[in-house]
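In the part that follows, the structures are each spelled out as structure tokens.
Below are two complexes that have subunit A in common, paired first with subunit B and then with subunit C.
Now for the complex of A and B:
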């Protein structure tokens, strides 16, 4: 009987032990969990990090510490009345908050509200899928206007002294009503003889407002511009262009919403790269109310992470008589309030 | 008599043994078929509402070329000229030049429909399932581009390597009779 191992057996043992150790180490180092990342080259990564950052010198507004928590889901539209009360639409409801953020009234329209506007005597006009509903503040009067058809998707309402204009994203047209709800005309249908190319509306964002110059401003989102029409539907002029520079409108279809301040300046909202910006009454870029880092998250290169975030990122905006800007954050369902730095408008 | 019983017993034993083996084989075979059928009832698929386009689908599949591909829901598409799933975030131009295209493998093709609309489709053999275009489309557009496991390629592994590496639990088993989670049908 031999005692102990021979040199050959010892060497074999060492080799076997080493092989097992290497095997175990390899298994331990093998990333099967995905935590090590996708190992793709840089050109396979969608990166808009540079565009997320806004030059701080261009940010002209400060956000107030207190926001209005709406308590609503699927918020969609905002409006502010002359008294500083804030109206927010979410789902089938419209909730009214006073200047201190306290709820003071509530309306239930029984169907998803896509847009709201405020008329004389506190009347609330709401676009409920395919038709307009008008209610009085005390709910004593409620009128439903006729349906605009199965394809209709109402996204904005603008009110003049004599007319109500309704943006229908589904039919890509602005409908002009009289105050009794009778259709008196259409604006923006493609018409080469009138040099009207038609509205390009890839997603249900199609905003309108009546300006003090008596012209209707209509966002043509797929064309990245705001167009000015007479009430009879003549295209007078347009402004805005596509691009990721801060003075341009980014992505496929922006701006999604806008508001006109009392001094005639325009407050615009963009989705994707969430930006709220100010353009003067002369349509020239003035500055930024809030950029993606403020609105979505600091240091977050991706503008949205989940499909739900991406699809609800079309913020709405309203401005009060004092120039305070109210941004409806449709992701968090809160109203964020911005004031010009130094208190000026 | 005892010898006869012994012979009969041996014959019976052999006969019963053969029958037993046959029945056992049928049982085992049936069990295997049942297990295989049970596995065949479901297949792996990506829930587009949970997918965050992390890129792991492109690199964690056991196949050299991933079974995950980009698909397009035309009914959700805006047919945009400035398509953020097709063009780089800051493209030098708005045309089909390779320098403008977002997809590193050139797997998305576009066709002019009418001013200003374009139709987009995926050349699947070129797509590696990285999800870059899905990210661009979802961030700015309607999210009509999304990732799906293509069942003409998927091996339907018991433990899918991509499912293990998926950070958002978007991979799940769905009935084989309804193997895709199509966005346009939502």
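Now for the complex of A and C:
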């Protein structure tokens, strides 16, 4: 200690040195890279625990014990023909299974298949990245339609008597083709005069189907609804709303896929909180085919955290003439089959 | 093709109209609450926030102008004190410490090194205007306009004088901090001045707990040691010090001729009053001459040594850059050093970028850090060397003077001068 230092000066020195030590320690302990997490209280955690559990009374379907093991990787789309054969797209291939789950045919499209649909005479329509390919069942005929551009990401195909509709998630539009593959129109482009707000598609899930009422149903996933368009592109009506309740569509962009049953009801598939649900022809919620607990497992249901997770993981669904629901589990790459309880539709 | 002024105006109007035509689309649903919480109605942010930036610039100019008036014309410490309180309230608590001239260093540097980054005009003005004022009037900005300086100034209750050698040595931290801040901003790593602003959490009445503690400690130190952040850490202060040395006007302790009464000798809690110097004795002169020679020779050595130290630290420093950190993490995952993943590493793998590309980008950043760290180290070495040289020179002073570089223009010393008290008629000339 310096000679002549007063008590006050000594005390000051101690206080200043302590303050410097505490300040430096605080700085060193500062988490600048975010390793310590956000440190928010539990109240702020996005907890979907309640939504994972579905009231058993709402579950109207039973899952059959046997599922179809596709043997494919990265399965993406499913379709069922009138004969009960199941078509599954995965990677560049489309594999056909009969009702017993035996492989009966196989197509290789040479590029990732994003969607499939079945036309007359067993023609298989496949969306391969940016264009449509049409193949006959015996592979004797194969036609490639023109590319929709670099941004195109084809996610769904719906076929009517005279037209083929192709959902392009990249360009956020539905393209209407004639049967020869010529583009005859576009549906869903933003147009204020026609009261069309455009499609909000954050992830590559954008499904369409033609209903018996002659209107094209298009999922607007970011808006959490299904919209009905005339073939000329007029928006007639829409249904569905965002929410975490069972009758709503949850997450950033749902439903990801849907199918229309022969009685006009809608079977919808949601990702994130994986749910397959039934809505009547009047668009009212009817019940659940399978909930997250059944589809993913109780502890495994989780919201996506990364772009890679959010861009994938959506299940696809198809329904046959008898009302059997085929859910393509894109995680396990199997087709899970559900029948209405009591055998009814 | 040249575009006429009229054309530019037309394009500007068209762009503004286009912005106005943008309309929102329904996107994410709002969260649902069971507590009965009512979602507030979304409204468009008003244009007032942009206008406020320029109001801030106008207030800054007004405060610095008023400071000059109070320092040079009125010589009023009381006025400066109230102005400081006003700055704490306006720039500190109301504007929440942002925008700030000190932090603007990072924005200015980044705008120089990154062509994709444009500094807001208000930010540029906040950086430049205090420098211009300093060139003419000394550190008017530090006197009352800077909320960081002001908050330290008003808590200075029991000042303790630091030895000159200690204060001079501690000032090197400010040079080091400036060098690090410039390096981090130039490489796009971080705005460290803003990140480690010790008072921002106080002004915002909340923030990171660690920074609240740092701010509290700094204020506690400021009770005894005058403006510790301004004197020993402030990177902007380093620039202002150099400009203040050549300022057109300078603060004088006495309004008239100094009578060397020594009453002001200990008046400055910042050690910014220089005493009159006596002629060196012949022996001292010879010793100091030798010391000057040694220190001049030492200057390049210090530059090289500190530059080399910068080189040695460059590897660690480069981890401040997010690309280098990510590359390190991916390397650890790839080589099996770690078993888990992080959000950043998972997100990286989802981007489609190859690991080789990432390593390449990280290597580029590391090269920048090597070069920058050597320069930063050399700058600190240069500052240390110049300080040593300056200490070996006899500065001739015939009266008590406010140190041109170190004086904050706070006006504390005025009242200690009997000539000033005579001017204020608090003392008669006979006294």
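What we mean here is this: the second predicted complex is superposed on the first by the 285 of 345 C-alpha atoms of A that agree within 3 Å, B and C clash if a C-alpha of one lies under 4 Å from a C-alpha of the other, contacts with A are read in each partner's own complex, and residues count from 1 in each chain.
Assume a residue touches a chain if its C-beta (ideal position, glycine included) is under 8 Å from a C-beta of that chain, and two chains touch if they have at least 3 such contacts.
The structure displayed is predicted, hence computed values, not measured ones.
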First, second, both or neither for A:51, with subunit B first and subunit C second: first
Touching partner for A:200 - first (subunit B), second (subunit C), both, neither: both
Partner, of subunit C and subunit B, that touches more residues belonging to subunit A: B
First (subunit B), second (subunit C), both or neither touched by A:77: neither
Touched partner set for A:327, first subunit B, second subunit C, both or neither: neither
Touched partner set for A:26, first subunit B, second subunit C, both or neither: second
First, second, both or neither for A:15, with subunit B first and subunit C second: second
Touching partner for A:252 - first (subunit B), second (subunit C), both, neither: both
Partner chain in contact with A:242 - subunit B first, subunit C second, else both or neither: both
Partner chain in contact with A:40 - subunit B first, subunit C second, else both or neither: first
On subunit A, the residue positions that both subunit B and subunit C contact, one per complex: 32-33, 197, 200, 222-224, 242, 244, 252, 305-308, 311
Subunit C residues touching subunit A - in the complex, by the definition given at the top: 25-29, 32, 158, 160, 190, 195-196, 198, 208, 210-211, 213-214, 217-218, 220-221, 224-225, 325, 343, 346-347, 349-351
Residue numbers on subunit A that touch subunit C, as the complex places them: 8-9, 12, 15-16, 19-20, 22-23, 26-27, 29-30, 32-33, 197-198, 200, 222-224, 241-244, 252, 305-309, 311
Subunit A residues within the subunit B interface of the complex: 31-35, 37-41, 43-48, 51, 197, 200-203, 222-224, 242, 244, 250-254, 271-273, 302-308, 310-311
Touching residues (chain side subunit B, partner subunit A) in the complex: 48-56, 58-60, 77-84, 89-90, 102, 104, 115-117, 128, 130, 132, 135-136, 138-143, 161, 164-168
